[in-house]
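I'd like to ask you about the structure that follows.
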Amino acid sequence: MMPEGMTSPDLVGLIERWVVSTLGLSGNWAPVVLLGAAGAVAAIMLTFVAVFAGPVTWVERRVAGRLQSRIGPNRVGPQGILQWLADGIKNLLKEDLIPEAADSLLFRLAPYLVFGGMFGAFVVLPFSAVGIAADLDIGIVYVLAITSIVVVGLIMSGWASNNKWSLLGGMRAAAQIVSYEVPTALALLVPVIISGSLSTQGIIRAQGAWPWEWNIAHSPLAFAAFFLYFVGALAEGNRTPFDIPEAESELVSGYNTEYSGFRFLAFAFAEWANLWIMSAVATTLFLGGWHVPGLEEIVGAMGAKVADTSVLYNLAGLVVFTAKSSLLVLMVIQVRWTLPRLRVDQLMSVSWKYLVPLSFVALVGTAAWMLAVVEVPALDVVARGLTFVAFAFLTVSGFLRARQNRILASEKRDWKWFI
Amino acid sequence: MERIVLRQLDRNQGEMLLNMGPHHPSTHGVINFLLQADGEIIKQAIPEVGYLHRGMEKIAEQTAYHGYMPYTDRVDYLAAIFANHGYALAVERLAGIEVPPRAEYLRVIASELNRIASHLIAVGSMVMDLGAFTPFLLGIREREKLNDFFEELVGSRLTYNYVRIGGVAHDLTPGFAERVLGFLDRFIPFLEEYDRLISYNEIFVGRLANIGVIDAGEATAWGLSGPNIRSSGVSWDLRRDDPYSVYPDLEFDVVVGKGWRGVLGDCYDRYYARIDEMRQSVRILRQAFARIPEGDIVAPKVPRKLKPPAGASCYAAVESARGELGYWVASDGTDRPTRLKIRTGSFTAMEIIKTKSRGLMIADLVALISSLDVVAPEIDR
Amino acid sequence: MKAVREYFVDLWRTVYSIWEGMSVTLSYFERRPTTIQYPEPGGMPLGKPLEETLPERFRGILEIDLDICSGCLTCSRTCPIDCIAVEMAKDAEGQRFLTRFDVDISKCMFCGLCVEECKTGALRHSPIFAAAMADPYNLVLRYITTPVKPYKQVKGVESKSEKPRGSIAREVLARWDSCRDDVSPDARHRPVLPSWSFGGDRAPAPAGEARAPAAVPEIGKEGSDA
């Protein structure tokens, strides 16, 4: 854990310092350098979003294909890996249509708001020990706040399209995202209480590298909070089973019905970016972030100390973080292709009748638990052990059940993915 | 139609007219629903049919009796055998043709295979309308296997044209029975897997249970038939109550709605009745393959120019996957009918949507339409 | 108390049923996809062209083996939509010739009634189902290019086509595809039957005058996909 009062290094700061020291600039240049550094980091993040959002569409389609007993795209490039490029280019070449009856200004503005809102969250997503654009003190609150801008964009697009289906989609999106902010925020407060920090890096540093040192294993309540957050984030990102704003069998395509070309792509971009955001936030807050299991022990045994700015350490952290997030992304994809969609009123009742009370319980319970642990330290060990065992049991039993399902269907095992 | 709805709109309350269709993902073909809606809540949904009208009945008046058979495939493209079978039954009764038993068994085998295929689409598209895509495609996968069987038996995957007046077109191919029975053995576990995947899913149940409840009286009054009326608790099955073909010799249960996840006659009952009917079809198929006798597959001496007695008319109906599919045929002594009327289950099921849609949400209306399993060409003919 | 119990039972049932559903989809990760890769001849899992795997009864494009066609016109009379046109002519010595056997496969509904009626087995379904053409009029398949003597059926002798299934249709499709230059536009654009009539036993309507070419026929590169 960092000493009190010190912020951990971040990318903007590193670049700034590096530029100043190499060029030997005076203090007067500070604003310019800061802007330049921020721009550079924004470019890096944007590239990451683009490079993530593209291939993940391919991954999703391949996974969905596999779940549905088919293959999925495998024509463009080896195994179809360039499918996203083909789709992107196709979308860029499409005519940019703005309906005559649409409110032209709002119609144009909406995709920027949606994409901007999603992209803004990348400021505080930590990829490694220093791999964060800016380690804000109130990172979690910032994530919640900036992603809320998306709602405005969605309503705007629904309204400006001047299409009743789009309008319904926009309204649904508003109702949904606003009500799911509450349980999501409450669930996010649980790791905040546990770690005693609102900064994303601070929360990661407060956790350990091994699964039983993660926040998710802190107590059964934290374990529940993880799932509460996960469900809430699914709803905020308009993913199935909460994809009612764009329910294609009801609302044709919802708020983005009238969009085409790059504007449509911006919505899709935001959706995929959000997929990463929700997984990354869950990894950060509950799953130990970029901590590399075993690394500190090994380095400690060699008598050295891990430096935050070490390139290797950061690369290893990046790999671990990406792996954890990708697993969550895969899970989200699987959920999407398994479950049906809720109805609007059911969506509300899930939020207000189940998620909100349960997250309150988790929040208050965690606070009480913290006090109890202070009194009886053994509780912590027991709870961590039990939660870890429960988590392992859930995972293993899921796989065993899957195996049983395959055997019941009298099919042979086939892991061949590249067909 | 549109003007009628527009006149009824209460604009002060923010009501709007929504055109759901003719090209809407969940109208299952080209049907238009005029929704008088207050936001998400529907005041009424008026089905506007006729976009797919092809004049099937008029075509019959100008086509010879034998030549009309391929047209009947197009009455219901998901369950063509029933349309074939009903037409053949009607003409056979009109002309007094006796069908050999082997042909009857072959008709039953084809019908029940087709019922499974059709119900797979029905439950699959219903699930897809509620947002789950995977179960639909898994159902389609099983249906492809059935289509392969039809391709082998009949030569076609969709428009079978299998039944002939006085019999059927083709006999079983060697090894067909074993392959179908092998498929059925794996099909029952598939249905169980399907149940685990989606039927028992609480989100899915929540979307369907207690929605669009049609009680027994209403179902009878509106003339529903097939799985739709049975799931309202009325035990009415033409295979048992107006026996045709060899169904009286075969043992099967008439699936009746139980209301086990909601009220009797809700959308979930209509959904699950179809899954149960697939199980019954498997039962019938196993018996049919065990009992099928040797013999002719088409009645001897069916004249090529069929001329039923002048002035004769008759009605014959089969239990199609979508309810009673009946043909009324009138003859004037020539080789083509003077009048032919087709009664289909989908058309009658459309009627009830208007009353049942009151107070539903748009998402519920989608569930209601797909739970009635309407198919656009069957509505319009 | 009951309400509280129901609340948690509901919660548990939802979670459990979702877990069950997820385990079913998870099992598909280790199950083989059923997709057949279609256009390539060696596509997984067939390993040969799809046409060769189709069953014997498959109702594809109609083909006629002129070696055993007796020119009895049954097929064209049986057809409910008159998509088959057969013409006979006599030469100076009184010898009858088949001069025309056209199948309009853009109209044909592949019902198989004509094949059932054919006494010699000359008319049959090929396993070919893909016949995209650069010009829809090319879908009128003209099986006769030079007049053919009709086959005389001998009683008691079963006539059987010697040619492999699909070979005739494939040949004709190749001949008519891609708007070859040596076929005059007039001949190419001649419709089978200009009047729309319902089948039964009516005599086929007289062949009308040649239809004017719609436009300059483009030289298509699309193969017959056979």
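Each chain gets a letter, A, B and C, in the order it is written, and its residues are counted from 1.
Everything below uses one rule, namely that a residue touches a chain if its C-beta (ideal position, glycine included) is under 8 Å from a C-beta of that chain, and two chains touch if they have at least 3 such contacts.
Quick caveat: nothing in here was measured; it's all calculated off a predicted structure.
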Chain of greatest Cα-centre distance to chain A: C
Chain whose averaged C-alpha position falls nearest the assembly-wide average: B
Rounded Å distance between chain A and chain C, as computed from the means of their C-alpha atoms: 52
Distance from the mean Cα position of chain B to that of chain A, given in whole angstrom: 45
Mean-CA-position distance for chain C and chain B (Å): 28
Overlap residues in chain C, where contacts from two or more other chains coincide: 18, 20-21, 23-25, 34
Chain B, residues touching no fewer than two other chains: 134, 141, 193, 196-198, 201, 203
For chain A, residues contacting two or more additional chains: 67-70, 337-339, 405, 409
For the chain C and chain B complex, residues of the former touching the latter: 10, 13-14, 17-18, 20-21, 23-25, 34, 54-59, 78-80, 109-113, 116, 125, 198-201
Contacting residues of chain A [partner chain C, same complex]: 65-71, 334-335, 337-339, 354, 398-399, 401-406, 409, 411-416, 419
Touch list for chain B against partner chain C, complex: 59, 62-64, 66-71, 73, 134, 141, 144, 151-156, 159, 161, 169-170, 173, 193, 196-198, 200-203, 305, 335-336
Residue ranges of chain A in contact with chain B within the complex: 64, 67-70, 164-165, 168, 171-172, 240-241, 243-244, 247-252, 337-346, 405, 408-410
Parts of chain B lying in touch with chain A, wherever the complex brings them together: 16, 18, 24-26, 39-40, 127-134, 137-138, 141, 186, 189-190, 192-193, 196-198, 201, 203-204, 206-207, 361-364, 366
